[in-house]
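Structures follow.
Look for chain A in each of the two complexes below; its partner is chain B in the first and chain C in the second.
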Partner chain A sequence: MGIEIRNINKKFGNFVALSDISIAIPKGEITALLGPSGCGKTTLLRIIAGLETPDSGVIKFSGEDQTNKRVKDRKVGFVFQHYALFRHMNVFENIAFGLRVRPRKIRPDRKAIHESVMRLVALVQLEGYVNRFPSELSGGQRQRVALARALAVEPSVLLLDEPFGALDAKVRKELRRWLRRLHDEIHVTSVFVTHDQDEALEVSDTIVIVNKGKIEQAGSPEAVCDFPANPFVADFLSDINRPIVTRKKKTLAGVINDDRQGI
Partner chain B sequence: MRFPFKLRNGKGKMPGFGLSMGLSLSYLSFLILIPISSLVVYAAKMPLKDYFGIILDERVVAAFKISFFSAIAAALVNFVFGFIIAWVLARYDFVGKRIVDACVDLPFAVPTAVAGISLATVFSANGLLGKILLPFGISLGYSTAGIVLALIFIGLPFVVRTVQPIIEESDAALEEAAASLGANWFQIFVKVIFPAVLPALVTGATMAFARGLGEYGSVIFISSNMPYVSEIVPLLIIKKLMQFDYLGASAIGVTMLIIAFIMMFVTNILQKYMLKGRQS
Partner chain C sequence: MIKTGIVREPRRVKALLLFTAGVFLSVFIILPMVTIFREALKAGVAGYLKSFVDPGVAFSIRLSLLTVLICVPVNTFFGVVLAWLVTKYEFPGKKLLITVVEVPFSVSPVIAGLLFIFLFGSFGWFGTWLTDHNIKIVFAVPGIVLATLFVSFPFVARELTPLMRELGKDDEEAALTLGASGLQIFWKVTLPNIKWGLLYGIILTNARAMGEFGAVSVVSGLVRGVTTTMPLYIDILYGEYMFKSAFAVASLLTFLAVVTIIVKAVLEYAIAVQRKSGEVQI
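Moving on to the complex of A and B:
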């Protein structure tokens, strides 16, 4: 099992952000946390990362309890909504950060760091940009740097907070297809937060629909579209472009088959 | 005719450039450029030989050294403690925070002479704090070290007020990102927070330095004002004026101006280099 979330509760003052959330997130897949803004999905993601502490409940990665571990010890890769790149470092240094801050005993040497960074740079297709500063990159490029930086620490879990939210429509579409393909190469257990139904349907293997701090439904894109569990899910998914989704299983090459059919 | 100034890319599309630029230039001319260039023009009346004779005088050189070294020392102390105070004010909530916050501005408001006299009294051998420091062999009242003390007092708000907003506005996600990548708090501070604050810190310290270089009121009350030991340049200028040696005073004034300008210019360049690729 990838990530196990059990009986998580979280309040901010009197506001109940999450109420008794339990869900299992499958290993090696992409899971979308989908819901309207303010529904608690980002809070849940931050609790998984360890950036927020739940009032009660348990978080496990591959059966190992993480609840009382701090974010720095959880080995999560977190991609922030606005990327949170270090502005005084160039692309190379940004990506290398996670390796450079390791305790001396397990810190790779110069050459090894250089190799892993260059491998990641190739993975996110930013060859030739290593000496640029974040301010010299486009939104999509920054996003990919943020992703490479998160992957550099070889995280057991990759968490993405509204990863495409700050991009314009065209780049967003390209990038989410690219992310899907990338994931099919690296197979790291991934969770991303989104309020965009299309995005969730296109990118994820499993969709978890969250509303008012509760899980309304969880299942494959086909399942939640074809058999919405309640009026909220039906209503929330009703305004997507093509409500019926039939997606082939991923091929070995990892190509996403864009063969959704409209009604 | 087109205005011979380039607009910055993407900015400066607002109308009224001609008017605002004109106002800025005339304002700066009236306040700074004309008065200061008249000083230069006045000093230019004397032959170069006389000029170097005045500024290479042993006593003048000593005063320059004292002024610069104490201003630099004070700026460095403020660099450290100004940062700590700004950090505390920006990052923590505590009882009486508003009062502490207001205290920081006092050196701006208090007449410098009052500041100098208070510092001198408190830190003199029988003063409240001087008494405590005396057994350790530290004597700040009426000494060269006293100059630095006065300049620290005067310069503190420059550093705090430049750095504080930068710390307040720094994005919490940056620290979270660093933590998620495995950095401990010390690494986060050294590699993420401090580099982000450094340019502002340098700006603040430079302003404190510049202010300290020209400071007169507070220093003359706490310093022993002994030639070669604790006589600062502004005091020397006043002394020359009192002896109706206007040319001598202007020569020293111009020299100070040139050195200060060069130092400011260099820091500005440094600043630009530090900020490379950081806009956004």
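Moving on to the complex of A and C:
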């Protein structure tokens, strides 16, 4: 078992962000938390990481209870939508950060740190960029640095919050394919949050569809597409199957529709 | 700088505005500053330097330095703590706290001084207790330090709060997931991000602490050689027609102020550059 989430509840004031969420996230796979914005998926991810505390419920990694563990002891890798790279450190320093802040007893020596960083740099294909600062990198490159930095601490779980959200459409597509291939190499249990149906279908092994703080359906991409459990899932996933509907919506929203191929 | 012809005022208007600004600055800033240095140096460089040998002058410089050396670190520390609190955490009364921090700016310095008299003076709330324990605050150095702490408190917090709010929590959370401890996060992530804004706040705190007159004057009691800071001593000297010494001390204070302004300008430039690179990143 990878991650076990049991009866998680979370309220912000009167707003119910998550209501009695229970799900098992398979080991070594990529799982997508998919849902419209404000549905609670990011809150759930942050609770798994320990960045938010649930009001009640239990989080386990490989059967081990994490609920009362602090973030720094959970060994999670977290990738933020806006990268959150340390802007005063170059690529090398950013990736090395997680190793350098370890207590002296378990901190690798200079040579070992150098080796692991260079291995990760090669993994995310940023050789030749180690001395660059975040401001000198493109969005896609920054997100790959963020990923390498998260992987440097050899996390038991990799969590990605809208990892492609801040990128333009072309880079987004390239990067998600690349992430899929990368995962096929490293097999770390991964959870990523997205509101983009295509992204979820293309990248993940399992999709968990979340709406209004509840799980609507969980299953393989084929299963949720072919056998939607309820009208919400059917409707939410319908956009990808019905491109014409999307196009009409855009026209209504005020986008000038000047190409005729669609209709 | 407007280089395009969007604003097409006649040249005369520009010339007039330039002239007005020039006259204003000359009369109210440049002329007084020149006067200070001219008066101070009237008796020649040797006479100027001799002024500082006077025990009263030397004492006032030492006391001002002592006050600055206490107030700047203390207010820097509390300013950072406060900015950290209001930008990284949610709690009831947060808005009130942000407003209360500004009180030292809106209250007249004289009132600030009186406040400490009411609290710690012989007839104040803690007066009897303090007298019983033989602790002197008002009309003594602790009073000077307290009054200066009060009036120079908001600068660091005010400078850092908007900056830290803009920076958000992502960097700190990233460091947290990477296993960094609270102190490591502060030294390695937060501090490098806020260093220019922090320095700017420190410079302003320093300027205010050095130059404060009103609040300090009230709690000082003007005990010569005990509670006379530089601004207070300038006033005393001038009142006693010792113009040469008064202007000598004034020139030193002015010189420090000019240095402060230059440092401030450099920091403003550095902050602008940092903001720019931040924009590119987000």
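Basically, the second predicted complex is superposed on the first by the 240 of 263 C-alpha atoms of A that agree within 3 Å, B and C clash if a C-alpha of one lies under 4 Å from a C-alpha of the other, contacts with A are read in each partner's own complex, and residues count from 1 in each chain.
By definition in this document, a residue touches a chain if its C-beta (ideal position, glycine included) is under 8 Å from a C-beta of that chain, and two chains touch if they have at least 3 such contacts.
This one's a predicted model, so the numbers in the text were calculated from it and none came from an experiment.
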item	value
Clash or fit, chain B versus chain C on superposed chain A	clash
First, second, both or neither for A:98, with chain B first and chain C second	both
Contacts of A:84 with chain B and chain C, given as first, second, both or neither	both
Touching partner for A:132 - first (chain B), second (chain C), both, neither	first
Partner chain(s) touched by A:171 [first = chain B, second = chain C, both, neither]	neither
First (chain B), second (chain C), both or neither touched by A:223	neither
First, second, both or neither for A:16, with chain B first and chain C second	neither
Intersection of chain A interface sets (partners chain B, chain C)	49, 51, 71-78, 80, 82, 84, 86-88, 97-98, 101-102, 134-135, 149-150, 152-153
Contact set on chain A toward chain B in their complex	49-51, 70-78, 80-82, 84, 86-88, 90, 97-98, 100-102, 132-136, 149-150, 152-153
Of all residues in chain A, those that touch chain C in their complex	49, 51, 71-78, 80, 82-88, 97-98, 101-102, 134-135, 142, 146, 149-150, 152-153
Sites on chain C touched by chain A in the complex	170-171, 173-181, 184, 188-189, 192-193, 277-278, 280-282
Contact set on chain B toward chain A in their complex	171, 173-174, 176-184, 187, 191-192, 195-196, 276-280
